[in-house]
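Before anything else, here is the set of structures, which you'll find just below.
Look at the two complexes coming up: chain A is in both, with chain B in one and chain C in the other.
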Partner chain A sequence: MKTRVLMTICCAAALVSCKREERGFRVAPPSAEKIETKSLSDLHPAGSSVAPPTKNDYRENAYAVSEGEKLFAAYNCVGCHAHGGGGMGPALMDNKWIYGSQPQQIFSTIVEGRPNGMPSFRGKIPDFQVWELVAYVRSMSGLGTSGASPNRSDEMKGPTPPSSMPKQTPQNSSLPKSAERPPP
Partner chain B sequence: MPGRNYQATRYSGLDQINTGNAKDLKVAWTFSTGVNRGHEAAPLVVGDTMYVVTPFPNILYALDLKNGGAAKWKYQPEPASAAQGVACCDLVNRGCVFSNGKIIFNTLDDHTIAVDANTGKEIWKTKLGDINHGETITMAPLVVKDKVYVGNSGGELGVRGWLTCLDSNSGKTLWRAWSTGSDADCLIGPDFKPFYKKDQGKELGVSTWPPNRWQIGGGTVWGWVTYDPESNLIYYGTGNPGVWNPELRPGDNKWACSIFARDADTGAAKWAYQMNPHDEFDHDGINENLVLDLPINGQTRKVLLAAQRNGYVYMWDRTTGEVLSATPFIRITSSFGVDLKTGELHTNPEKKPMTGKTVRDVAPAAPGAKDWQPCAWSPRTNLLYIPHQNLAMDYQGTEASYIEGTPYLGVNVKMYANGNANRGEFCAWDPFQKKKVWAIQEDLPVWSGTVVTAGDITFYGTMDGWFKCVNAKTGDVLWQFKCGSGIIGQPVTYKGPDGKQYVAVLAGVGGWPGAIVAADLDPRDPTGALGFVNAMTDLPQKTTKGGMLYVFALP
Partner chain C sequence: MTALLAISEIQSALAPAGTQAMRISQLWWVYLTVLSAIFVLVAIALFIALSRRHAVAELPAPPFAPGEASERRTSTAVTLCVIATVIILFVLLFWDFFTGRAIYALTSDKEFLHIKVIGHQWWWEVQYQDPTPSNVMTTANELHVPLGKTVKLELQSNDVIHSFWVPAMHGKKDLIPGHPTVQYFRADKEGTFRGQCAEFCGHQHAHMRLEFVAESPDKYEAWLAAARQNAPNPTTAMQQRGLQVFMSNQCIMCHTIEGTAARASLGPDLTHLASRSFIAAGAVPNTRGYLAGWIANPQNIKPGVRMPPNPLSSDDLNALVDYLESLK
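After this line comes the complex of A and B, so read on.
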């Protein structure tokens, strides 16, 4: 009897832990060369010509997202965007995306910079780290996966941790909703 | 000039509006600036014209006082858009000055510009700094004779601070006094005689830092410069040392958080006094130092009077730099007081910040007991009118990486009301009795400037948009008016071309505390805007953006 109870508990525990994250140990970042220029407008004269979104597998990888969180502090992103609430730079935990919420748009925001104060980090941050940052930045407004997003903030009494963040549907997304990757 | 005079008393001899009739004040005219960021500038009246400089993009308007404030011309310096990304605390500008037919002001992208006061044509434009170093300029210059004094901002980005002197006729740089580095760079020479032993010695701007760290050591000069015509000395303070987390920069970190007295012509330092050696909490020393002659213990003393960020009202002998008194004007937990014999600030060891540790209930918080918002002094009441905030904070040290042109902080901050009291106050301070004579408690931080007049009235504004007239003797509110947006500007009063007295103020919420509204920050992150968001989460419900000049008069 005891053994059966123990077995049941172990099986249940194993099942629950399986749900947490299916980690690919060698997740390749999307190649930067493959990135197509994304439109920043919802207006597409003479019909839609939307490039397909680049898949960022780091979104499902807890290690990559947590590396992104560390890099977000190390590259001084925190100094301007705080822990998502913003300051010198805009908030990243809300549903407003001035330059687009798609992974490749965030990638180019970091690499190319933006005219109203976002610096260009071209040549300063390796591409795979930029993709880790992208995965973390999206998780800040609940656009990550529940399995991979951090369960708590590392800093003093920060905002709601990304894993508990209610999803903020991006405003003025330049891609149709169907182009978003479905949750796993 | 925004300070009204070299001594920065912000006292006006006009008395048409007084304690008896202030209740009848009405709006005379208004003017929309078309800019939605924080408006900290003082409107400047010269003859029949009022000059207003806006926050970024730093538009300079000339308004015709004979024609209901209609715009005569506007000058658009078109500062670099990228400058917005290195401005720590909203995109403010604190005003312009007039000298010899020219209006002189600074732009966020590090230019000082002189414009013909009549035509609005640019006379000269000098680039003083580089946004790629993290430098911006937000302060109002001071002009003395043919010299313009300008300092930089960027203490949150590891900028090396300086005060630069320009020729007001040509815009050419005459000298620059750095706040850190060698004595030669700091214009410290044989005339330099600090009062206290702690400030005496050679090359302290280098030796009080870890090797070479003075190069990114802060001490920016983003506040106020005052002048004493008698001694021909200028006085100003320097900002916080570079990297906020003090554990990462052992040493006194000179000359951050210090007061300098310099020869107005050569810039040679006469004395300096470091208020916060090894500053722990971003307690910059940039607040205005009023130049006053006051009777102290039966003799007239030449003093500087200043309500400083670390929570003390300081009175210095301005000829020597001796601290005559330093008295707390809010609840302070970060230090225990100033030793007048040694000049030392006794810091509280329990609040010492460390990497990975959170210290709680540090008062004053990072913006201090009073930030940039200038006081006024009335020679009629002998009182100092102090608009200020009252905040405490939690302060967590973290690692920091220096990347040129990005923030250099190494802390997480979360602010809240100090000792469960109100977040702001407007008070009258008696420097002889060293106490408050009266105080008006405000729910929100009082981030506006003030002005006091011979009518014994004083004005200030609140961040939810109330512009108030107060009896300077009693503290009774005589009149108030609700402006469209929160007020963080500097009120002024002037006699119009029709001989009537007017009062003017810019509304337009923003600045460090108002960034939550001006920059649409997310109130759910308490560390937003360097921790100020946590103390201001209710502001978006209480005011909205919008720059507007209001001018009031009696009917």
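After this line comes the complex of A and C, so read on.
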């Protein structure tokens, strides 16, 4: 009897602490206060200073990451970035980050748009969905938590699943030669 | 009671309105009658056996050795019961078999109305197929069919397994991702019925309903012709602003309104939203208040639904609802 009670308590405690599968339908999404809104000059697009990271509450939540994966296809991110491998837009599964790898930098990339093709989704995608996208985009290069990242791709033949992606150190990268403006 | 009866008429396999459902309900009544009769007979026999008293002294001493006559009576009774059981089982088997044949008889029809139904979490996408691609008409959560015409439903799923079930028309048919299934039926009785997802498909499975309308061919043709039209242009200033709100906010990312730039297919087609009697796959009636509440925060009405909250100013929301209400 005692063992059973103890086990019930342990299970309940385990359930409470299980954040991975939490689905906060009515919970206010993580705020988008700390968005980097630095204007970008022609000469130095990314800026070398990295802002202190904002914690994305969704990065440990498997549901949010998989929602991000769905939205990534639904909002046609795949149209340019493919399933991480890139195409018209840069690849997202490698360690090169033109505009920064921090969650809030990716957030502002999506919300503000970037030169040479990345459109601004301001007002078109609710903030919490942008954060879900951020969590998924980071998981593509192994920057998510292994517990929450999907362990297989939904595509026909995908890259290494995010949960077994080797962690890549983000580096700043300049724009590719082809994207540079021709001299006036 | 009246309410219960009303519900049972729109969503009940015992109130059939089509050939297939008719045969299914006949089979159900046959089974119910025969099996109930057998149950009552067995219960009576058991009761008689239990209530017959034997004095202890009358019983033979062990090992039990029943008399010749009693032995014969018992074997006759058992034989008769076995024969009756076999006959009844065969009757039910054949009835079953011929019902099945009758239900699937329409499969060989060459003339049919081809409709594609795609299950989503948690709503139904309905596409009326046509050899001319521009005539293919897409709507959501409503299915209109003409009386007396064979309907071929092509069932697909976009995410998980759903099950299409309009009890007044036919049995259930699963929608399996990556594996289209087909169902044939014919409506014989005019009326508005209800379909419901019959396979647990997630958080809002219970709110995945479909309005099913069986109507005369004339009415059906008129409805289809109207539904194929593009959305009407906004006429008042408020409606025009509503259209702008629609185009410049989150709405355009997921919805289609034919005749405008909104061409996304993630959520239900809204071209003739105002002509439908329910929103949110039958969760709430299509009234101004519910529509506005739904747009502002769908999670309050249908927690877990894929539509996100839309923080609009009250003026914008009013204009948007004005516009959506004009989409007859």
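One rule holds in what follows: the second predicted complex is superposed on the first by the 126 of 184 C-alpha atoms of A that agree within 3 Å, B and C clash if a C-alpha of one lies under 4 Å from a C-alpha of the other, contacts with A are read in each partner's own complex, and residues count from 1 in each chain.
As a convention for this text, a residue touches a chain if its C-beta (ideal position, glycine included) is under 8 Å from a C-beta of that chain, and two chains touch if they have at least 3 such contacts.
Please read these numbers as outputs of a predicted model, since none were measured by experiment.
By the touch criterion defined above, A:Ala74 reaches both chain B and chain C.
In the superposition on chain A, A:Ser66 contacts neither chain B nor chain C.
Using the contact criterion defined above for the overlaid structures, shared-chain residue A:Gln105 touches neither chain B nor chain C, since it reaches no partner.
Legend: residue contacts after superposition of the two complexes on their common chain; A:Met93 is shown touching chain B, with no touch to chain C. In the superposition on chain A, contact of A:Thr145 is made with neither chain B nor chain C. Of the two partner chains placed by superposition, only chain C is touched by A:Pro126; chain B is not.
By the touch criterion defined above, A:Pro115 reaches chain B but does not reach chain C. The wider contact with chain A, measured as residues touched, comes from B rather than the other of chain B and chain C.
The residues of chain A shared by its contacts with chain B and with chain C are 74-75, 124.
Of all residues in chain B, only 81-89, 156-157, 358, 394, 396, 398-399, 401, 403, 405-409, 412, 414, 515, 519-530, 533 touch chain A in the complex they form.
By the touch rule above, chain A contacts chain C in their complex via residues 23, 25-26, 74-75, 123-126, 128-129. Partner chain A is touched in their complex by these residues of chain C: 203, 248-250, 252-254, 266, 299-300, 303-304, 308-311. Across the complex, chain A meets chain B through its residues 73-76, 78-80, 82-91, 93-94, 96, 113, 115-119, 124, 155-160.
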